[in-house]
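Data first, discussion second: the structure below is written as structure tokens.
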Amino acid sequence: MRRNRIEAFSDGVLAIIITIMVLELKVPHGEGFDALRPLLPVLLSYILSFIYIGIYWNNHHHMLHTVEHVSASVLWANLHLLFWLSLFPFVTAWAGENNFAPNPTALYGFVMLMAAVAYYVLQQRIIATQGDYSLLKRAVGKDLKGKLSPVFYIAAIIFSFIEHRISWVLYVLVAVMWLIPDKRIERVIDNDN
Amino acid sequence: MRRNRIEAFSDGVLAIIITIMVLELKVPHGEGFDALRPLLPVLLSYILSFIYIGIYWNNHHHMLHTVEHVSASVLWANLHLLFWLSLFPFVTAWAGENNFAPNPTALYGFVMLMAAVAYYVLQQRIIATQGDYSLLKRAVGKDLKGKLSPVFYIAAIIFSFIEHRISWVLYVLVAVMWLIPDKRIERVIDNDN
Amino acid sequence: MRRNRIEAFSDGVLAIIITIMVLELKVPHGEGFDALRPLLPVLLSYILSFIYIGIYWNNHHHMLHTVEHVSASVLWANLHLLFWLSLFPFVTAWAGENNFAPNPTALYGFVMLMAAVAYYVLQQRIIATQGDYSLLKRAVGKDLKGKLSPVFYIAAIIFSFIEHRISWVLYVLVAVMWLIPDKRIERVIDNDN
Amino acid sequence: MRRNRIEAFSDGVLAIIITIMVLELKVPHGEGFDALRPLLPVLLSYILSFIYIGIYWNNHHHMLHTVEHVSASVLWANLHLLFWLSLFPFVTAWAGENNFAPNPTALYGFVMLMAAVAYYVLQQRIIATQGDYSLLKRAVGKDLKGKLSPVFYIAAIIFSFIEHRISWVLYVLVAVMWLIPDKRIERVIDNDN
């Protein structure tokens, strides 16, 4: 029951974040299709961030699935993650409205990086509360994706000042990497039963 | 429990989408009733989209009811559907604010069409995970409504450049068709028990 | 479980409506307290509508408590109620921003009236599905409040064109009337157990 | 089940409040980092209020955990609390956009104070419904934090007209005080089992 409420609150915040982003697609005043053209980069950044929030929701869902007792540190680590995710609409809109310019590209990567760090911290807090036989620890294993993502984000931040199109290729690559479904946790849970 | 969380998240997103649309009814500055007149098409498009989201919520509710295990592909097919539904506030407002002009009428139909396709894909993913004796497959049956809707949407898109009032008649017709309650799934579930 | 989902969706929509209204309290540009003065009527109308949504949530909660099976007609009667409630932020802001002028006062009453009618329709649909020994029917009894409210709203709409301050007194009176907790349903349920 | 719905509604409202605040971080038009500079105070006030809402959610979660039957007075005391919390986005944005000027600083403290009072009232209502052996009463104990917070808020309101930077130090101190996890309720519940 404890876990249920942290799930419900997180679901609520993630559902609102994902939907609020669409508000940045400001309805144009003209009625022609050309009035939509300036919105194209905003739509593209929206799609990317939508996928990212979907990935976070999916992984968050699996991770909390292993939790039985929510300690105060887990609760705050979760709020910390939600804080960084709550900045997605802002950085998404800033990047989209400025046609993926270098500075917004770098800030997008920075918030992505901080969210990844916050996710990692939350994961470690849960593992710590689960003790030696942590279900999550075994499920995560070497956590290759989790370790690769920050490297990609840092590379993208650096590239944003050199050739910012490469940064967006990296952001897309990370999303694609995570889209390949994470069967590890499911497998370990199944083995347990 | 798995299913519960995908339901809760979808409910959250649909509740926000349906409520966010009303924000496009911008509060007028004048205090006379004539200040409301420009809002009438926005209100009409809001009502239509409200009904559409209600229909999707209702059918989604019945469809997920048959699901026992949420696979990764079902989860992403669901997010794909939510993505297209999240564009409803935008296309609704664009159509309403431009008095149902041809281009917004076509885009409205396009997003409707893509949502219908996404719904169909989700349905097929669920049926695929349920195997030979899929409860949903039997419930859906010939899926006449599901097959007719895209035809209507495509017709409406074409008509939007010829006589766009016909397109809106078609959009209303599809809504009316779906409003007739879908007893198929309920019936099959009852037979099963 | 069925009922759970209609409750969750309604809770979501009501939570969003109640919170969206506060967005009409536009942050003023000045830093003095006098910059807040034009917001006072907006705040007052927000408080009144907040209480109204609270009352609806409370009564809705009790009413659905008696429901066991959600039929299609109940589901749509519920969405119909949510539609009128979704217009509260708009009429609240229009009334507040125009200092409770006659026309916005009348429209506020009209939406209140339609929400009350929608609530009544929902109540009747639930009673109809429950058959002869309807728990809700006995709980509602003579439904004095439910019958008085529309009378007050209609009176308030008429007064809005004569002396609109009386209309607001009536709106407050209806809220006060409902704030007196509705023990009827609770009593009947207790008797049943 | 009763409790579940008041939890779900409160979770929904809190999730929306916490996410709506981020909308005040208006996307700047320039693409340079200097375009972000005016947003820094808005971000800082957002972070503080985010933490406050997190604290309220956490404590609210623990408090409702002790509730078995939700009476009408508890329900309205809860809505009263949600009302004051719903004003957080407004006072947060006003303070942030005016660089923490004296008047917004005082109003921020006033809303904090009223939310603390509303929380106290809710706590007392719950204790009253629980009778002599109230689980919550024993859990709260001397309620040192609960009694200290209003004193700090009042001091901060006074200081806002003398040296408003001290007020913000006080607001941060209260947040830090509450961040130290409240193990009292957890301990008493554990003893009970």
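The letters A, B, C and D name the chains in turn, as written, and every chain counts its residues from 1.
Operating definition for what follows: a contact is a pair of C-beta atoms (placed from the backbone, for glycine too) under 8 Å apart; a residue touches a chain by one contact, two chains touch by 3 or more.
Quick caveat, the model's predicted, so the values are computed rather than measured.
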Proportion of interface numbers common to subunit A and subunit D (over half same, under half different): different
Magnitude of the superposing rotation for subunit C and subunit D (Cα, nearest 5°): 90
Inter-chain centre distance, subunit B versus subunit C - centres from mean C-alpha coordinates, in Å: 26
For subunit D, residues that touch 2 or more chains besides their own: 8, 12, 16, 20, 23
Residue numbers on subunit D that touch subunit A, as the complex places them: 7-8, 11-12, 14-16, 18-20, 22-23, 25, 27-29, 31-33, 36, 47, 50, 54, 57-58, 61, 179, 181-183
Touching residues on subunit A, where the partner in the complex is subunit D: 5, 8-9, 12-13, 16-17, 20, 23-24, 72-73, 75-76, 79, 82-83, 86-87, 89-90, 93-94, 97-98, 101-104, 107
